[in-house]
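Have a look at the structure below, then the notes.
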Amino acid sequence: MLKKIHIRTKTHEEARDITDEVQQAVAESGVREGFVVIYIPHDAAAVSIHRTLAEADAPQLDRMLDAVNPDRETPEYTKAAFVAPTEVGVVVDGRMVLGDGQRVYFYEFDGPQDRVVYAYVGA
Amino acid sequence: MLKKIHIRTKTHEEARDITDEVQQAVAESGVREGFVVIYIPHDAAAVSIHRTLAEADAPQLDRMLDAVNPDRETPEYTKAAFVAPTEVGVVVDGRMVLGDGQRVYFYEFDGPQDRVVYAYVGA
Amino acid sequence: MLKKIHIRTKTHEEARDITDEVQQAVAESGVREGFVVIYIPHDAAAVSIHRTLAEADAPQLDRMLDAVNPDRETPEYTKAAFVAPTEVGVVVDGRMVLGDGQRVYFYEFDGPQDRVVYAYVGA
């Protein structure tokens, strides 16, 4: 089952927690055991699953994305390519499996814009 | 359905647009709504979905892959590992969903060689 | 079919070859042609498919992960996010397709710990 999640980003760059929206898509699919593909159809946005940004020791993808560029001004399309447009998870007992502290983040690199996330849930 | 796409790379390093070949594999599968796994079975090659390289503001993965190495001479196998051997997309109306400007690229890091790309289309 | 692979890491950071465990999960699934999703439900661990570490010219993800951080002390959660929690492969003739020299590695960034790997095999 395919679900489209609509997002309105608010700033030029942001990391938006979309875990709840993805879990809702999985729940609506009725799949109990399977997988979920999360795809971002935008060349200046991306998706990543990592430790929650709510903690002080959160991952700092933004700092690293600038650090890897010799000019220290990494273009939005390169950032999106490095973070990647796809993540895939597994579904157990009707929910996407996430470890303690793991969350799904939508990365905006050229906002604010209206954005779409595709979630395909299969079994 | 599984399809093998055959490629002959022409230079030591190159980024080859394989979007048309992937879309053809999706079309031949007959899947209308589902997903597509793109896998590169080579340790010195990779796949990435990002903004078209036909534009002046294209992503510069090659520059970044060198920048992340202290020696500024990143080995081919490390480049392949960083770009990754897999991408996964979603299929809607019989086509892989790609946003404006998004294309699928095969990255060669040790050519020229005969290469293979696997495309598995499921639903 | 979903399989849980249990791992006990032994040091603070390590790359563990889990190719055999993944191939066993694929074999047990009975799937002859399909795909396999490998998911790591931990915020300080990751998975990557790349050239074997048994050779002298092996990829050096650890060096690169430190190089991309301005402080040269990349936190464990950022490393895990960059390497990523997911890989997806294709299954042909009852085995995950891997090129010559390609292996599947579990990356531990905060061990030693008891860890789990999910392998979902579908068709």
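For reference, chains read A, B and C in written order, and residue numbers begin at 1 within each chain.
Following the convention adopted for this analysis, a residue touches a chain if its C-beta (ideal position, glycine included) is under 8 Å from a C-beta of that chain, and two chains touch if they have at least 3 such contacts.
Quick caveat: nothing in here was measured; it's all calculated off a predicted structure.
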| chain A onto chain C, rotation angle from CA fit, given as a multiple of 5 degrees | 120
| query | Over half shared or under half: which fits the residue numbers at the contact of copies chain A and chain B, same or different? | reply | different
| field | Whole-Å gap separating chain A and chain B, where each centre is the average of the chain's CA atoms | value | 20
| chain B: which residues touch two or more other chains? | 68, 84, 88, 122
| said: Could you list, by residue number, the parts of chain B that touch chain A in their complex? | reply: 33-35, 48-52, 57-61, 63-64, 67-68, 84, 87-90, 92, 97-102, 122-123
| message | Quick check: in the complex, which residue numbers of chain C touch chain A? | response | 2, 37, 39-44, 68-70, 74-75, 77-78, 80-82, 84-86, 88, 118, 120, 122
